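After this come two complexes, each holding chain A, first together with chain B and then together with chain C.
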Partner chain A sequence: MSARTAAPAAVPVDRAARSGPTRIRGNGLAFWLFFTPFLVGLLVFTVLPLIWGATLSLFEARGTVLPTEFIGLDNFRGFLVDTAFLQSLRTFIVFALCIVPVTMAASLALAVLVNGLPRFQAFFRSVFFLPTACSYVVACVVWRLSLFNGLESGVVNQMLGLVGIDAISQWLSASPYWWIVLVSVRLWLQVGFYMLLFLAGLQAIPAQLYEAAAVDGLSPGGFSMFRLITLPQLRTTSAAVLLLLLIAAFQAFDEFYNLTGNNPETRPPLVYLYNVALGPQQDFGRGSAGALVLTAIMVLAGLLQTWLIGFGSDDDTPRRRLGRLRRRGGRPASRPDQGEAA
Partner chain B sequence: MTTRTRFTRRGALGLGGMALAGAGLAACGGNTGGLTDPGGGGGGLSQWYHQYGEEGTQDAAKRYAADYGEATVTVNWVTGDYAARLSTALLSGGGVDVFENNAIAVDQADQGRYVDLTDIMEPVKDQFNEASLGPVTIDGRIWGIPMILDPQHFYYRRSLFEKAGIAPPETFDDLVAAATELTTPDQKGLFLGNNFDACTWPMVWAAGGSPLNEAKDAVAYNTPGYAQGLAAIQRMIKDDVLLTGAPSDWADPAAFASGLAAITWGGCWALPALEDALDDIGVFPHPAVGPEGRQVAFMGGWNEQVAGNSENIEAAIAYAKWLWIDQTEHQTDWALSYGFHIPPITAVAEQAEALKEGNGLEIATMAAEMGVTGPPEYTGDVGTPRDDAISNILKNGADPAEELAKAEEASNRALGA
Partner chain C sequence: MSAQLRIVGQNRGSAGLVLRYGIAGVLAVVFLVPFYAMIKTALSPNDEIYSQDFVLWPRDPQWQRIPELLADPRYLDALKNSAIMAVASTSLTILIAALAGYALVRIPHRAARPMFVLVIVVLLVPATTAFVPNFIIVASLGWIGTLQGLIVPGLFSAFNVFLFRQFYVNFPREIEEAAYIDGAGFFRTFFRIVFPNTLPFASALTVLGLIGSWNAFLWPLVVAGDGQNAMTVQIYLSSFLTAQTFDYGGLFMAATVSLIPVLAVFFVLQRYLVAGIAATGLKG
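On to the complex of A and B.
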């Protein structure tokens, strides 16, 4: 039943038991040959800009990427009272509340459907994954010009017409229509990737669990089986997908920049900072400070999520924390065995 | 027995690693984004243009560059966000020697992004249309050579106006009434861009205000007329009079040419395409807004500049002077052979046949009599609060007077007032 018993018998015991990285003698040159380009790339394109940005954030740097005057934490203080920045955070929250659950549900549903296919699984896996290879800019052009243009000839307006709904002209110029456009384009582009993650998680669930559940009376392929076996077994994958989706939503830029322009209501943090640093303001000091503030928020959100629902942990500590939080909130605690296999 | 070189897996991976490293190093070289040769050094010049929509303009730009005998000039036709790319190139250095710009700003001049061209412009500045010099002059110093003037105004369908018995509007209330009257199930009355904001910048002047006060130490766009005008646009949005969601925006004449709206805000560059597509095109300036208002035509335009970080400043100045001051053949060709623009040198404009009759004459007249231009002192920092206010008013339904008051305060803070 366990992975250990399924290990090939031909593997020598000493190799199987050895832990840690494999060392191959005489490969020092090859190691550095492979490693150096990436190390240089990491240093030049990631570490150095990080240090440079952190330095700039403490200085006045308008129209120049060189620090001009030391101003301490003034750039950071500015963000606490900058209503446009706070509004961009609200935009992110609204966007995340839409895109994260929708993508999670859609990618999980697709993964379950594809996993259950008796034939052509590889074909459908590829079909759903293909949009991931498409550029956001290209997808935005298709969304704006074809699917969601405001004319009656627009694809979505035509479809609405078929069910007797009037054409909508304000897809990109009024709320809540622009959220439909923004969420649908990102959903189309990323759902295949997250479907693959869920698919990998589904295929790692031991078949014996389903067999045992069936023996205990759950109907094979039924919703109870999904709720009591599949979902709990996908907890680690779900936590990873949730974290990745949140980070991706926080980094959203392309679709907002290309579809809705510079409207404060649809300007997420990265578009706002892009305008501060690289737009007409050219304020690299404040832009760098904003980037650090955003990074701190993302790190905190990731740590909080890990603490609450766990990421790669095998024990139930995060679940107990959630239970305690629920009890403090006056709501009934979930049964400790709820969600476990029958 | 022959000896064969064995192509092992390790060898293949080694080669792959070297190829990756080589590609990585190659990617580190140059900063032109793969657009052209950098031009700097070796006596060559790199000249940047934004992507003009008119057919034939790119070939014409290359032809002018090839005609210049004193240096090798490489034309860099920049697609996409020209302002952001240009700004980055001017900041980081390299890749651009001569460039066109439609937004000269005082902060960028102070930062040394541009070369001061006063020495070559001062002797000839009287030859230029006065309106064209406003956007390139800061405290008496001239930072650019005007290339073309692009008045922006309204286009309308004469036949539809005649059928409905409507005269070209002289006040914004007249415009709202005309647009409402001409709205049908198949055609909207007015196109102000997909974001409804195409005419909101010239409306500052049309409502009796201006971007900055005379002392240039505070903004002066917040007038009662401006709030009234923006509220009128809000009403038209609510009444479904305005076209939105068109495949192309207001700067492209396609939406208007295909009959989606009866009136549109547009630029003079669209005139040839519109006259080819429709035989009943008329033009009128931005109507007066509110009791203090006046009719205006906004004078957009492009100006040639030399990059402050160019390695060939003298050669770049000489080329810019040759192309946009000394010879006039290419200036006329650039202004009138592809789209429709007004040459900024008065003598060149006076010889242009296209400006002597019909809509061309009307546009030239309104440009001369009602033209307004934005000052270089109105920088991005100062303008961002107004831009946000316009979005909040037109797309998010905010109160115009309140938003403009907040924007005025923020703009003045940015201005140091």
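On to the complex of A and C.
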């Protein structure tokens, strides 16, 4: 799969090479001087860890990073059947079902709102974007010890008091409540980023589409115009945002670690993996197996998504790209880099 | 876009506009509440932090917490480590990726194509789960609790190489050819001509890199070890969260001060940040 999709894009390298300044001597040395720092780092800190991790996953290795006893696939079996792992996947699903739609709707709404402001657009954009600069740890300090501290003086409890709701003390210790804390902190931190993506998408919609629709009788700025023009035009952006949000939710770690710690009921896959490999047991065999399992899940999900909707673009799914190649008798498009859709 | 604004705005009339600014204003306040709560707690006397009476601003702001905090060698070490990590990893990542990306498209070599395929394959492997195998390598090198353990494993980003490659594909060739005709080699051409022209693009990646590494948590947590040498400011703050601290005012002041450098970068380089998000094609 990877080789097939990579091949068309790789061709311009050769093309560039042929028309390039080939008269310069010493190309071989220059290429390696430029490329070696990256290549060596990649081999030592990406390829070697993968190989070592894959090896360790087949061995007993507790409290040591060296393989001790070959145990076949026991580590994988142990990781996969552990109810704690299945629980962590369930936690991810619940979390994703909350955070993904909420962030999508909120960031799109913010983008439409900001885009419709004739003045002070930059000001509001900056305010909504500002939390992006904040770290999860700092936000967790504020969320856990100030906003949702469970005391009657906590900011959110005081606001609830204003509308006549009793103070809630178990924000981080009981089930529906902790999801509010976990989802709101991530929403605050990331919504501005996705708002920017939607803003870029909105501003790329040609104004003529709205003009034509107005001529056809749609009320300007009305909901039908939003539904019939804005939403379809944002399909690429929405697909990209959806994918990014899902990946980010699967990789959630910081807020869970800092807000609910090692509570088995709110432990997403990465916190569980951290605990297996680097917790008190230091089980690097099973930890390596777990890392491979989670990596495989992400790679498969990413490939599936790319294959199916090609990051949402009409003309650039691998399937269509291959289709184009076949029609052209195997020769790649003249400049695939610049995107034929453009 | 302005045309579209006019259409959207026209029919709405001033009532609609007032409503929209009202919603935007309320939301802006909501977005700023956490910052306000943080700064207020940082300046409140400890016995007032959890008092029931609401005050908009502490009656007796505890400004002395700032010098107290800056006299704490653990905190200073953490700030210093975070700064070193942010600057070193951002600049080295960009330099390494720019060199590699340039070589892939502009230095003719038969290895260019297989190397590009390698980059694409590595791109498919997510980096987050790599903390387990990376810990194994870093521990074997004896780098746990060291700055190099913190920085070096993250320097080799296939994603950045890919971005620079895409950038250099469209880089005007005439500029380089002029340099070659004047007798410059690949190195002089790159550092004197090409790289300076890459700076606007690189600044976008720089802002993302600086903010990302200042705020990084998982890898620093894995590598920090028990000592001071590799403790970043995020790990310092988190250690108080998990250990049930009692000096809440001090902790909130530490959190506030840790935000200052990143907010400074954010405000000064904001336009690059926005450009960076566009340029990197939706990096998360």
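The definition used in the following text is that the second predicted complex is superposed on the first by the 257 of 342 C-alpha atoms of A that agree within 3 Å, B and C clash if a C-alpha of one lies under 4 Å from a C-alpha of the other, contacts with A are read in each partner's own complex, and residues count from 1 in each chain.
Please note the rule applied: contacts are C-beta pairs under 8 Å (C-beta built on N, C-alpha and C of every residue); 3 or more make two chains touch, one makes a residue touch a chain.
These figures come from a predicted structure and were not determined experimentally.
Asker: Just to be sure I read the superposition right, which of the two partners does A:105 touch: chain B = first, chain C = second, or both, or neither?
Answerer: Neither partner.
Asker: May I ask you to decide whether A:41 touches chain B, chain C, both, or neither, giving the answer as first, second, both or neither?
Answerer: Touch partners of A:41: chain B and chain C.
Asker: Taking the superposition as given, does A:261 touch the first partner, chain B, the second, chain C, both, or neither?
Answerer: Touch partners of A:261: chain B and chain C.
Asker: State whether chain B or chain C is in contact with more residues of chain A in the superposed arrangement.
Answerer: Counted on chain A, the partner with more touching residues turns out to be C.
Asker: State whether A:30 touches chain B only (first), chain C only (second), both chains, or neither.
Answerer: So A:30 meets both chain B and chain C here.
Asker: Which of the two partners, first being chain B and second being chain C, lies in contact with A:128: first, second, both, or neither?
Answerer: It touches chain C, and chain B stays clear.
Asker: Regarding the shared-chain residue A:165, is it in contact with chain B (first), chain C (second), both, or neither?
Answerer: A:165: touches no partner chain.
Asker: Is A:62 touching anything from chain B or chain C once the two structures are fitted on A? First, second, both or neither.
Answerer: A:62 sits against chain B, while chain C stays out of touch.
Asker: Check whether A:302 is in contact with chain B, with chain C, with both or with neither, and answer first, second, both or neither.
Answerer: Second partner only, chain C.
Asker: Can A:93 be said to touch chain B (first), chain C (second), both, or neither?
Answerer: After superposing on A, A:93 lies clear of both chain B and chain C.
Asker: I'd like to check the shared interface: which positions of chain A are touched by both chain B and chain C across the two complexes?
Answerer: The overlap between the chain B and chain C interfaces on chain A comprises residues 30, 33-34, 37, 41, 44, 65, 144-145, 149, 151, 261, 278.
Asker: State the interface residues of chain C toward chain A in the complex, per the touch definition above.
Answerer: My answer: residues 1, 3-5, 7-12, 16-17, 20-21, 23-24, 27-28, 31-35, 37-38, 41, 50-52, 54, 96-97, 99-100, 102-109, 111-113, 115-118, 120-122, 124-126, 128-137, 139-140, 152-156, 158, 161, 166, 169-170, 173, 176-177, 180, 185-187, 190, 211, 214-215, 217-218, 221-222, 234, 237-238, 240-242, 248, 251-252, 255, 258-259, 262-263, 265-266, 270, 274, 277-278, 282, 284.
Asker: Would you pull the chain B residues touching chain A in the complex into a rising list?
Answerer: Contacts found on chain B: 10, 13-14, 17-18, 20-21, 24-25, 28, 83-84, 87-88, 91-92, 103, 105, 107-108, 111, 113, 194-196, 240, 243-247, 260, 379-381, 383-384, 387-388, 391-392, 395-396.
Asker: Given the complex with chain C, which residues does chain A contribute to the contact?
Answerer: 2-3, 5-7, 9-10, 12-14, 16-18, 20-22, 24, 26-28, 30-35, 37-39, 41-42, 44-46, 48-50, 52-53, 56, 65, 110, 113-118, 120, 124, 126-128, 130-147, 149, 151-153, 155, 158, 188, 192-193, 196-197, 200, 202-203, 205, 207, 210-211, 214, 219-222, 240-241, 244, 247-248, 251, 253-254, 257-258, 261, 270, 273-274, 277-278, 284, 287-288, 290-292, 294-295, 298-299, 302-303, 337-338
Asker: Within their complex, state which residues of chain A touch chain B.
Answerer: 30, 33-34, 36-37, 40-41, 44, 62-65, 84, 144-145, 148-151, 154, 168-175, 261-265, 275, 278-283
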